[in-house]
Structure formats: structure tokens, C-alpha cells
Amino acid sequence: MARSNTQERPSRLFRNLSAKIAAVPMILTAMVVFVGFSVWTVVHSFTKSGLLPRLNFVGTLQYERLWNSDKWLISIQNLVIFGGCMLVLSFVIGFVLACLLDQKIRYEGVFRTILLYPFALSFVVTGVVWQWMLNPDFGVQSIVRGIGWESFAFDPLNNGKIVMFGVVIAALWQGSGFVMVLLLAGLRGIDDEIWKATRVDGVPAWKTYLFVIVPMLRPVFVTTLVIVTAGIVKVYDLVVAQTDGGPGIASEVPAKYVYDQMFLNQNLGQGFAASTMMLLTVAVIIIPWAYLEFGGKKRG
Amino acid sequence: MADIAFVIPRGAKPRRRISSRNVIIYGTLIVVALYYLLPLYVMVVTSLKGLPEVRMGNIFSPPVEITFEPWVKAWSQACTGLNCDGLKRGFWNSVRITVPSVFISILIASINGYALANWKFKGAEFFFAVLMIGAFIPYQVMIYPTVILLRELGLYGSLTGLVLVHTIFGMPILTLLFRNYFAALPDELFKAARVDGTGFWGIYFRIMLPLSVPICVVAVILQVTGIWNDFLFGVVFTKPEYYPMTVQLNNIVNTTTGVKEYNVNMAATILTGIVPLVIYFVSGRLFVRGIAAGAVKG
Amino acid sequence: MKDNKLVTTETSLAIKGLQLSFGAIQVLKDVNIEIGQGEFIVLLGGSGSGKSTILNCIAGLLDITDGQIFINGKNVTWKEPKDRGIGMVFQSYALYPQMSVRGNLAFGLKNARMPKDEIARRIKRAAEILQIEDYLDRKPAALSGGQRQRVAIGRALVRDVDVFLFDEPLSNLDAKLRAELRVEIKRLHDRLGNTMVYVTHDQIEAMTLADRIALLRHGVIQQFASPAEIYSKPVNIYVAGFIGSPSMNFINGQITGREFAFNAHKVNLAGYDGHLRDGPAILGVRPEHTGFRTDGPGIDATVEMQEHMGAESVLHLRLDGQRFTLRTPDDTHYPEGTRLRLTLDISRASLFDPQSELRL
């Protein structure tokens, strides 16, 4: 090998140039929209922005106002009620239904299709339907009274104290099928031989579910939990369609507060501060999860 | 993971005979299924009644006299604000929003997924991680800067602007979907194509894209239902004449003026829900695969 | 290093100082290989030895960290795979599933903007050589594993290149088909005379196909020599243990003059092919290079177990408390506890330095 027509190593930057060009929309979305815009909003939450965004910093004034606002406090309270009920009930219902569907039953596909179809609908549709279902004059309350239980009272849409439960009912109708499908996929991912082993050992089915399957499903539970929680924090369309925050401000939620401040009240600073609080809430959930999920992978 | 799992039901012991166990299982499932179907039934029943009959009876009673007038009214006469030309405008707006959004978002996300799965350039994993975390950021945080961006681009209030927004915010889940799909294809196929002298775009259009038809169908289902059902982006980024169907439905139902026409409202609700419902019932397992894609780890 | 069996006038493929690192992990450490025109080279090693990695570097599918690669005298270190003059065959066949066999064969040629009649001519020739004319219009999914691998070979063939790269091409096939295709690849090489670089973990494939074998471990070439030399004169204990089945027996002992002493035994080293020196050493004897009888002189060993294979059998013995295997064409049954006398064929044995593990 006498001939040595040595080549220079091409610049790293231009290796796979097409791939890099093709990834530009993704890089822009990630860095400009997701990172840049979030930072922009957080920065502007410390300003006095009103009708237009301005960089006249006022420290934490917007946050002080926010936490002194009745509407925001009710929003947070509602989010806690809604979130708590949704998490507990959607997981209980979803898991029980998933276990029932996992019993090698006939017509499993039919049942699954029925239990999941609300998830294909818009929150607006769900909100409007349940507004009608819970209508005190024609809906559930009037029917129960019609049967003969004259004193029966369940009109969440007109009663500020229980209005959030009306929203929870609608959200459960729409979302528990989703939880069921994810958990069912998890159940199906479990090795059949686990079941054979527990049968050989004579463990009853319910014990197997509780002490063997649930711990094995932990990753599926955690992932589903994160997705459902992120969805709860974002809840907006459902409330707008079903109650529009009413009666009064009894069913306000943070996402609606943000929208109202930004686009109706021309109080951008408040909107930015409130949305930053939403970001913070999600971060508190996501960061430990991402750490467990992706930090753990490197160690394993 | 999910779609394969549904093909072979596994789990507890199979039993054929009628036992108390089976009665409990089927009984519970049938009751729950009826409950889930109830709102759909109420929607249909109410929409087929005349307004006097709606006011007289209860919501569950079947219509005595079937009328399609509420449907006609919802489609072509229902009022939102000053416009009284019905839901059909919203329907066509939704079509004009959904079709290009679905096409463009899938095209871009599939290129992203392909670049991420097969070309692994420096920094790719980092940008992908940012994109995935971004999927969890509440839209409210990014919505106002997006308004400014669209205004600067001269797209604020236009259908094009909304298409851009759907492409951006649909990117994380779709990119994940395609990245995982392409990563599961044998790496050697990609190597063989390179030895055969195909470049980045050649491999994408001639090898990868023809192989990605199944995942494209899943993505289309996911995006059509997602974009059709969107409310927030529609209300923030468009002006009233371009409002999608969901926004228009909300405005029709929750208008504070005039008599509440429940039967028209329910007809409008069914009309709004019919597109995603048809897609759901037709696609079956693929829909499940689409929504499970977000939960299955990459 | 040069094999004297083959007269190589021209170098076909040369790898100089090849290094590859992924972050802090060094996968290949200073790999140097020079391959003559028309040689059949096998890269052999266990998983993680770097054998496939070298092949991917030759093909240009991996960006190397340092070093240079020459094909037919041209520096191709930073050339695109298609411009290197190589054809490649993969373990999973990697046929394009949406294209017919014909389409698969034509794809690379169309990319190179070759005239249609030339493409047709080349496909016809490759199809004849590989006997795949009958299913040129089928999709890969309609073919058997063996047929698919023929098509994959055809895809490399039509490119009319000087160097063929095979990445474990037979690993996905069952044992019978593997043996058949092995012979066919050998025949193909005899007929075409191309340079071939073949990656495998199967030593039988390596021994039967190769002009020379490069045996790799942890990204370092241990020995690069003809199969016969690797078998008879392994450079170190790793190579000695890797080649041959069952594995070579190793006995710790001491060399004094022309004698190897271990435990109470003494073996005369007359006829050993190598350089003897006094001191501790490890004697390596292949199971098939050990003779035995039931009485008379020899080293005492006891039968523990016998594996019968029809034409031959493997005896698992105990020798001074250590395991020792022996392969013999004798299929007589020796019950457990039978005492045998062993004779070691020193002319075909190897002695290793215990420190450096190198052959003496």
C-alpha cells in the first residue's frame, strides 16, 4: 500500500447534513416553543403586563394578587377536589373493569368498545351531554322524583357546593375507559406463566391480583397516573361546556382562570402568573417521574 | 405492545359453564356498559323529539313522535351570535382545519421519527427528550407567546395559523409513535439501503414511508380525533368565522339569549361527535393502539 | 503474518490503525488488516468481540474514530457506502419487503442510474448463478429463509463489486440449510474470485470457508492466519481455547530441559514444534490429539462420563482430580470408573507461558 491519498476527515457539522436539516422543525418546536415560550411566560409573570406584554418588572406582585384572588383560590380548591376524585375513582373503576375484561370473557371486544367510546368524543360534547343529563328539570333528579322519591335532590349544575362532582361524573364517563385500556394492556403484558405458577401454588385469583399483579403493574400504573394527572391539570373545555365556571364562580378551574385573564380581562400578568403555577404543578409531578423512568434506565 | 396483547386474551382461568362467578362478571359488565351507553341514548332520543315533548316528558322516554326537524335546524339554522347559518359552517371549518393539519403534522413527525431512529446525529436524543417533556407542559403556558408568533407571521386568526399550531403541539406524541415504529424495523434494512446508494430522503420515501402504512393509519386516527375534538386552540387562534365545530357547538348550547332548544342542542352535539365516533367504531383496535402509544415507553 | 499458500500480488482491502470509540468505551483498538485480491477472510469472535463493527466500518456504515481504510488502493475512509465498491449481505437478509425480488436486485443499480438493459443483464446473470430465476417476481415474504438469503447475496452480486462483505449471513438458518449454503458460498467464491470478508461466530464456518481467519477478542485481533495454523499453532491460550470442539485441555506444570512435569507425571517434549525454555508452563492438548488404552504405560485417568455420537465419542475423564476430555473414533462403551492410560501427542500440542499466555 504505497499510494496514500489521505483524505481529511469531513467536518462533524456537515456529517448527516440532510438528517439535521430534516430535524429543524423538531428542534425549533422543542427549543423555541416548548423551552423558549415557557421561559418567556415565566419571565413575564414577574411584570406588570396588562393589555400588552411589557418588561416592567414588579417582582412577585402578580403572585401576591393571584393568591389573594377568590376566583383563583376557588380554582385551586376545585382542581384539588376534581383531581382527587378523578385519580381515585378513575383508577378504581379502570382497574376493576380491566380485571373483569381480563377474565377470558366472550364479547370482550364489544364491552371494550362500549367502555371506551366516550374517550373518542370531544370534552365539549361530553360537557354538553352531561349538562343535559344533570338538568334538574328534565334529567336524573326529575326522573328519580318521578319514581316517587319526592325529596331527592341532586342538581350539581345549580348547586355550587356539589357542582364539581357533576363535572367529575362527566369526566369519569369520558376518561375511565382510557385508564381501563392502559391497565388492560399492562395486564396482558404479564407473562401467562405467572398465572400458571400461582394456580399451581393454589393462590386465589383475587390475592394474585392484589399481591402479585398490582406490584408487577407498577410501571404501567405510574405512567397512567402521570398522563391522567397532566390531563387533570389541563382541564378546561369540559368545564367551559358543562358549567362555564358556574353557578357564579363555583366551578372555576386554573386553566379557565388563565384564559379569562389573558383573553377576556386583558390582564396578561395575572394570566402568566397563573399559568406559571400550572407549569409548576406539572413539574412537581413530571420531574420525579422522569427521574425514576429515565434516570433509572441508565443505572439498570 | 397493546395491540398484540388484545389479540390473545390471557389472564385468569377460562370457564365455560354458568357459575355465580360468571353471573357477577357479566352482570357487572352489562350494567356498566348500559350506563356508558345511556348518554348516547339520551342524545339520540332527545334530538328526535319536538321541543314541547322534550319539556313534557323525561329525558329517557323514547320519542312519541319522531321528528328530524331539530337535526335540520342544528345543521343549517342554529344561531351563534349574529350568525344563524347553523353548524354546517363549523363542520366545514373543522374539515378545513383537520385535513391539512393531519397531513402536515404526520409528514413532519414521520420525518422526525425517521431521523431520530436511524440517523442518530449528535444532540438528537437531547432534542427528543425536550420534545417529550414539552408534551406535558400545559398549553396555557405557551399559548400567549404563540399568539405573538402567529401575529408576527401574519397568521393570527387564519386557518393556516391553526394548522401550524396543531402541527407543533401534535409533534411530541406523533414523533414518539414514528420513532418507536422505525426503531423496531431491522437496522440492517437501513444499512442495506445505504450500501445500495440511497441517501437520507431516498431511504425515507422509498423504503421507510412505504413500510410505515400501519403506523400512519394509527397516526391519522389519533390526529383526526384529536384535532376534530380540539376546543382551546380553535377558540384562541381563530376568529369567529373560522371557529371549528366544537367551539360553535359550545356557543350554540351555552348562548344566554333566547329559548333553550334542547332537542336542537342534542342534534348539534351528535353532529359534532359523529366524525370521531365513526372513526372510533370503524378503526377499533387501531384507536386503542394510538392512545396506548403515549403510555408505552419508548 | 503473510500466508504463503496464496500468492497475493495486489492488496484488495487494507485497514490501517483502525480505532473506534463510543464515548469512553473503546470498541476497536488499533486494528490492522491487509487482504489480498480474491482472498476469503473470516472475522471470527464471540459476541462483543468487534467483528461486526469492523465490517460496518469497512462498509462505511459507522464513522470511525481514527485510522484509514483502503479499497483497491483508494482511500475510502470518508466515502459513502455506495462509493466504496462493496456489496453487503446481512444476517436478517434485509430485503426490502415492499419490492419484488427483481426490484430488490435492481434498487441499487437504479440508484446508480444504470441503463435498463444493463440492469436486466446483471439481474439475469446473478439469478442464474444463484438459481433464483423462478421467483424473481415474488415478494420476499413469499420466500423461504434460504431463498431470501440467496436474494440477499444476489443484491451484492449485481453490484459487480470487488469486495463482498458478509455479516453472519447464515446465522438465521437451520443447521441443515446452513451447511448447504456454506458450500454454496464457497463455490461462489471459487467461481467469482472476489475478495470476501465474512463475519461469523461459528468456528466451523470459519475453518471451512476462510483462506485466513482473523480471530478477535475485545476489539483486538488475536491472530490472523490460515485455519490450519490457527488450529495447530494458536498464538495464545484464548485462541487455543476458542478454536476446537470440545475445547483444548490445559495442564499446569513445569518445563525442565526437554521434559514437562505435572503432579507425579513426566512427559517427554521431544518433537514439540516451538521454543522450549525452563520454568512454569501450561500444556495444551486437544481432545482429538490424545491416545489411550486400557493398560500399559501412560498417564492414569478415570472415566467419569461418555458422550456417544455414533461415529465417534467424547470421554470425560478425571486426571489427578482435574477434568480432561478426549475425543476418539472408538465408540466402545467405557463404564464410569474405567481406568485408562493416556498418551499425549506432543508434536501437535502447544505450550504456553502462564504469565503472558503466549505460545512458546
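So that you can tell them apart, the chains are marked A, B and C in the order they are listed, and the count of residues begins at 1 in each.
Basically, a contact is a pair of C-beta atoms (placed from the backbone, for glycine too) under 8 Å apart; a residue touches a chain by one contact, two chains touch by 3 or more.
Predicted model only: the values in this text are computed from it and were never measured.
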item	value
Pair sharing more residue contacts (C-beta pairs) when B-C is set against A-B	A-B
Farthest chain (mean CA position) relative to chain B	C
Length of the line joining the C-alpha centres of chain B and chain C, rounded to whole Å	55
Averaged-CA centre spacing for the pair chain B and chain A, given as whole angstrom	16
Per-residue overlap in chain A, given as positions that touch at least 2 other chains	15
For chain C, residues that touch 2 or more chains besides their own	none
Interface residues, chain B side, partner chain A - complex	1-2, 5-6, 8-14, 25-26, 28-29, 32-33, 36-40, 42-43, 46, 54-55, 58-60, 108, 111-112, 114-116, 119, 121-122, 124, 127-131, 133-134, 136-146, 148, 168, 171, 175, 199-201, 225, 228-232, 236, 246-247, 249-250, 253-254, 262, 265-266, 269, 272-273, 276-277, 279-281, 284, 287-288, 291-292, 294-297
Complex contact set, residues of chain C against chain B	56, 59-61, 80-82, 86-88, 90-98, 107-108, 111-112, 155, 167
Chain C-facing residues of chain B, complex	186, 188-189, 191-198, 202, 206-207, 210-211
Chain B partner contacts - residues on chain A that touch it in the complex	12, 15-16, 18-20, 22-23, 25-27, 29-31, 33-38, 40-41, 53, 97, 100-105, 108-109, 111-125, 127-133, 135, 138-139, 142-143, 146, 173, 177-178, 181-182, 184-185, 187-190, 192, 195, 199, 205, 208, 219-220, 223-224, 226-227, 230, 233-234, 236-237, 240-241, 244, 254-255, 258-259, 262-263, 268, 271-272, 274-276, 278-279, 282, 286, 290, 293-294
